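These are the structures in question, set out in turn.
In what comes next, chain A is part of two complexes: it sits with chain B in the first one and with chain C in the second one.
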Partner chain A sequence: MAFTPIGKKYHDFQVVRDKDACINCQVCVRQCSYGVHTFDENRKCVVHDNSKCIGCHRCEALCPTDALLIQEKASDFKANACWRPEFIKYIYKQAETGGVLLTGMGSPVNIPVYWDRLLLDASQVTNPSIDPLREPMELTTFIGAKPDALAFEQTPDGPKLATKIGPQLRLKSPIMFSAMSFGSINFNLHIAMARAATELGIFYNTGEGGLHPSLYKYGANTIVQVASGRFGVHRDYLNAGGGIEIKVGQGAKPGIGGHLPGEKINAKVSETRMVPLGSDAISPAPHHDIYSIEDLLQLIFALKEASQYRVPVGVKIAAVHNVAAIASGIVRAGADYVAIDGMRGGTGAAPGMIRDNVGIPIELALAAVDQRLRDEGIRGQASVIAAGGIRCSADVVKAIALGADAVYIGTAALLAVGCTLCARCYTGKCPWGIATNDPSLAKRQNPDKAAKQMANLIRAWSHEIEEMLGGMGLNSIESLRGNRDKLRAVGLSQTELDILGVRHAGA
Partner chain B sequence: MEKLTLDAGGVYYRQLNERIREAVAGGHTDFELINVRGQRYIADALDGDLRFHIRGVPGQDLGAFMRGPKILVTGNAQDGVGNTMDDGEIVVDGLAGDVLGYAMRGGRIMVRGDVGYRVGIHMKAYKEKVPVVVIGGKAGDFLGEYMAGGAIVLLGMFSGNASAPIAGRSLGTGMHGGVIYVRGGVPAEQLGPHLKTEAAGDEDRALLSKHVTAFAEAFGLDAKAILDAPFVRVKPFSHRPYGNLYVAA
Partner chain C sequence: MKAPLRYYDYEKDISGCGIFGVIDKKRGLIKGDMPIAAMTCMHDRGNGLGGGFAAYGIYPELADLYAFHVMSSSQSALDRAEEMIKAHFEVHESQPMPTRKTLAIKNPPLMWRYFLSVKETRPRWKSLGEEDYVVATLMDINKTSGGAYVFSSGKNMGAFKGVGFPEDIAEFFRLDEYCAYIWTGHNRFPTNTPGWWGGAHPFTLLNWSIVHNGEISSYGINRRYLCMHDYECTLMTDTEVVAYLLDLLIRKHGLSRRMASWVFAPPFWDEIERMSEEDKKTFTALRMVYGPAMLNGPFAILVGDGKSLMGLNDRIKLRPLLVAESGDRVFMSSEESAVRDVCPELDKVWMPKAGEPVIVELEA
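And now, the complex of A and B:
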């Protein structure tokens, strides 16, 4: 016993099994990929090992007799406002292994969620509200550089637009599926995102793991991503989509690269990324051909040349301290859009210290970027996409009022297909069949059903956005963009109000 | 179709590349570009059996993303030669700048003289695609960093920099695939952490002979004389360099 690890008993969850309800059918045994439930041949009943439970709730969800309850294990530690249980457990684990703490999904730490402190306006008496069920409501959004002015020429058929407008992404709703690579999530979900985006008239982003040839047919609704590892990046890939995105940073892990462990690289992932089976796929922290804004300009135009200027080329960065100045540089380098990923953005794997301590919330970053681009008179040269912790349609509306053209959702799209945020995406054992390439687990996601659920979510949000717009007396999402007068804040300091560019409620 | 000669003098890169793409679409396969003075992205993402003879100094990202064309540069090349190149060949009869062959997946790049910093970073091989870079001169820092596949051959013979070491510091840092060959050897202090050199074996010699012979042919040199020397190789110590770094939080 003296050699038992200190933290062995301090696990996070406990399984409560209702012995009267349990019929020993062993569904839980088959569903749990972490080996929590086993059938005890001697006692002829199902037993469990709490220490292995990661809190995914898969067994609870599939138990036919409702006999299971997964609870957080109440901490036995003496209450301590400084040494909270997570820090104590981290130290036990690291003392035992010497390992870097690895996490998945977005940060759960208690950093203010500004969406919750922002409230929307509605019309009363004057400027009457609009009922979107009976009156036209425009959510169509164009992502790309807009000209400062339009010129027209007279023709025998009437006036014609003379200004040449650069390539745009046309979205029927200002929401896109964020970059989640094939490899980090499995192929069934890539099919689902591609189909849902096509059906909805929006876009999904391939992430940095390449694009399987069988998905090229959804190219008109695909943004292909180019990250530092350049996995699966070649001329056909660059010309397969409706847009190209250079990934510089990710909100969950600003400043560090990516690393798809060999365990997740099966035959199809290997084929798509064009890397050997079972070998780690490592994305360097920086693009080693980008050490400056001038270098970034060079890659943006290398990609524009490669795609013959047919599609917009955007740049995704993590929200960090100097985000406004960085975004300004990106726009000046010729990007058609800037995607900003806040610190609550999700990930398949990130060191916990980075995920929980590096970067800034998207709300502050977005407001700062929009203001900076306006102040410099270049806001029209590029669109702004906000990402990282968009939880509901009201968050979308608030993001657009703060200055976004559209939002990316990643975590929300995964929740739509059953994710419970257990945050073990990096193990490759996702019991919901999401962040896994194990065929026996991946088949838990049916691409048709997953596509339908993703599409349902966006439709529902789009209806809600129309309702909120109508309530404000607006009939077009364009009229909301950067319209911070439609926002009021509660309980924020003057500094926060100044950065957000929003007045306090009542003012 | 006969060789098409294009005068790049005073032509902006966009017009030059547009002109090349039109000519390729029109069936031209053989090009001579004269008076090239820093035009970027020449042959960017071009596909198939095309040949370019560039006279002058092509600009950044020569042959980026390309798949198949063969390019000969009579002159020096700037940064980013063969960036994320998929297949084909680039021969530079002169010097080349930084980040040559970045994330290159296939084909071959040969430079007669010296190359800059961060050359061959994150080169990777996949099935029949094995990228190769042959450098006649010396290389700057971080040659072959993050290398995941393919081969770099560093000769150090045709350098204009007599006092420099054959490779800058941090050679092969973080490599997890592929191989770097150095003619004559490389001082241990120039290698990245945990890396060692060992003598090239028979299999290595066969590969070296193939690419050095091509190099010698391209520049009118004696392959035998180049090969008549010891070669060392630098190989990664693991394909899973970070396999044991983490613990579940």
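And now, the complex of A and C:
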């Protein structure tokens, strides 16, 4: 055995510094929270330690003279289709530590991305495509339970609506910011999400970390989450938002709970979560008051009672094998919406084995759930929100065509403020100031700027969705929802086509 | 209902068209010659791959009976359909459809018509209301007979349609011999037709008849929404959904025709924003609940139901529709020329606004 750890030199990244361009200004030294760059007092120049680099590209992005390049380390193990480098490195790491491999963000594994195998339709000749710059194009979406039919009373002033419709979330665009708790990401980004959602007429989700009282003013565009740890859940919290979400599972880590390390619990997080300063905040794997579907029903109605039936109560689950039947049970238990989080969904921290091996892709889960709810005649009783791996507006359009009412985006929203998917969110040292509560790092996110970037992203996507809708000859999003006739698949098996309910291209 | 296996895997026909309708508000009978002449005037709006007519008031002596028009590609399928009809209905009269041999119509399917009432003791679907029972039976025949289709099922009305120009179809069905107080006609320009008679317009269900010019781009969701409400689309064309949606919204959900037309072509959200609080609530609810039933894409449709004729355009008017009045008669047509051809002197001619239905009720 060598005295240094086996894996010490088998690091992932390499810093390439252009010595001619480098002016030793030490921006990289100050920006890197992992201590890759240091100033060598003897040699009077900046030096680096490749083994500490996690590939976040912060130094590269901020280097004033463009002297830095971060690249994957070229050194390769002997080619082996079975023992790929990641498995070799995992073993070195675990042999050293005896611990569970931790990761962050969504799974990078090479399972099929069905969005890439689905293609959209457009009008030619037999119907005109519609130009959204000249004609109205409607994206307004309602999340909540709808009755099957409407009744009207005849009055002298014309027909009057006699059916009472339950509470809804009204969205100007079918995209929402997914649950990312205060604690897992810092307060600046919570302010940013709240402001962006308010400005856009959509919703953001608090995640399971509670809601700081200073954000209550954005309540009309907030979904407050109730998760297994019940952090920050109290009467005012439940009544602060426009919707309540029970989090049962998360796509990145189905079947397991959460763990916010004590180091991340500063005074503000402590106050918001209602946990002692510096203590670990552990969300159990199940809700200990939900061991079965009938328990879920009780919690749904407990929350409806607590909020006086003013807001919709939804349930978020991870996409697992039996997702269609589970979703059906959730709808019958009284949920106003079901959010389904696919296996590529992001996380602040998850064991890598779970993230990369548990759950199913959102496309298949979504298609199965939508069809199941229709087969049972209960699709109208609840909305369906798709989450986990939505990368662009075309993914949104495809998700809606498969049957989603709206989508949640988490990773994409963080990318909008600079995240580079280095996947080390669990360290609390995020150099981009996102997944960290360290004040010196967190201040790298300016809430005004972040809110603007997030809002820009949704606006850009909404424009693109309008273009695609218009191209298909539709001028309203409800005519796309569940309209799988607008999708064709390439290179999929008959089984996949049957599950997606989509014909093959050319057919 | 549970969607049938591979329900997503279907052929859908796309077509452009010409449509014509006329109603006599006092139930005055109009000879078939008139709608035939009007459709002939719009000959160029079709390509000979589909034409048809619906006529109301044509079976006055048998007005209380369901008139089933059945087409079949084979005698065996027709036999199976007849067996099913006999099992579910009392047959009061049955005969081959009166047709005339014409040069233009080649290889027509077998055509038969039945005048029926529902059996006292039903073999199945005992708990359904009478009309639902009729619908369930005819859907079952269309699905399981292996080639026979009930393409008309109302009372004192009938649909006549097939592959050919409308004037040829009229000649074939001897429509010049019928008189009706409402007529609708259709000339079809399909682009990918499987060339079959069932795909021609009008589409009917019970007393509903629809002729349609346009393409329903929302068809994929309309079809799945209907499947959820137990209507299975079997006719491989988008217009079919309009017939079933009308049946669902008006007959089953009790919406008015005006309300149903708002479901098909709802006001835009920015219009709803400007409405009174009460209307805002109504229209928001209508769009929320019936969004999957909205007809998106270009269309002009004429809907007959024995008591009225309704014309409706999509909400940005991507297909022509003209309305004209002359005395007790109201005409609706793709082109003014067709109306002028059969009635040169008109009291009033106008183009209805996008999404605004024109509903003409019988006064007698």
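We adopt the following convention: the second predicted complex is superposed on the first by the 504 of 507 C-alpha atoms of A that agree within 3 Å, B and C clash if a C-alpha of one lies under 4 Å from a C-alpha of the other, contacts with A are read in each partner's own complex, and residues count from 1 in each chain.
We adopt the following convention: a residue touches a chain if its C-beta (ideal position, glycine included) is under 8 Å from a C-beta of that chain, and two chains touch if they have at least 3 such contacts.
A quick note: this is a predicted structure, and the numbers were derived from the prediction, not measured.
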Based on the shared chain A superposition, would you classify chain B and chain C as clashing or fitting together? fit
Considering only touches as defined above, state whether A:289 meets chain B (first), chain C (second), both or neither. first
Per the contact definition in the header, classify A:424: touching chain B only (first), chain C only (second), both, or neither. first
By the touch definition at the top of the document, which applies to A:305: first (chain B), second (chain C), both, or neither? first
Determine, under the contact definition given at the top, whether A:266 touches first (chain B), second (chain C), both, or neither. neither
Once the structures are superposed on A, label A:275 by its partner contacts, choosing first (chain B), second (chain C), both or neither. first
Based on the superposed arrangement, let me know which partner A:97 touches: chain B (first), chain C (second), both, or neither? first
State whether A:347 touches chain B only (first), chain C only (second), both chains, or neither. neither
Three-chain overlay, closest Cα atoms of chain B and chain C, distance in Å: 25
Contact set on chain B toward chain A in their complex: 14, 17, 21, 40-41, 44-47, 60-61, 64-67, 79-80, 83-84, 86, 99, 102-103, 105, 118, 121-122, 124-126, 129, 142, 145-146, 148-149, 174, 176-177, 239-249
Which of the residues in chain A come into contact with chain C in the complex? 123, 125-128, 130, 135-136, 138, 140, 142, 146-152, 157, 159-161, 163, 165, 168, 371, 374-375, 377, 379-380, 401, 472-476, 478-486, 497-498, 501-503, 507
What residues on chain A touch chain B, complex-wise? 90, 93-94, 96-97, 99-103, 228-230, 233-235, 238-239, 259, 261-262, 270, 274-276, 278-280, 282, 284, 288-289, 298, 301-302, 305-308, 351-352, 424, 426-427
Inside the complex, what are the residues of chain C that reach chain A? 1-3, 6-9, 12, 14-16, 191, 214-215, 217-221, 223-225, 227-229, 252-256, 259, 268-270, 278, 281-282, 285-292, 294, 296-298, 315-316, 318
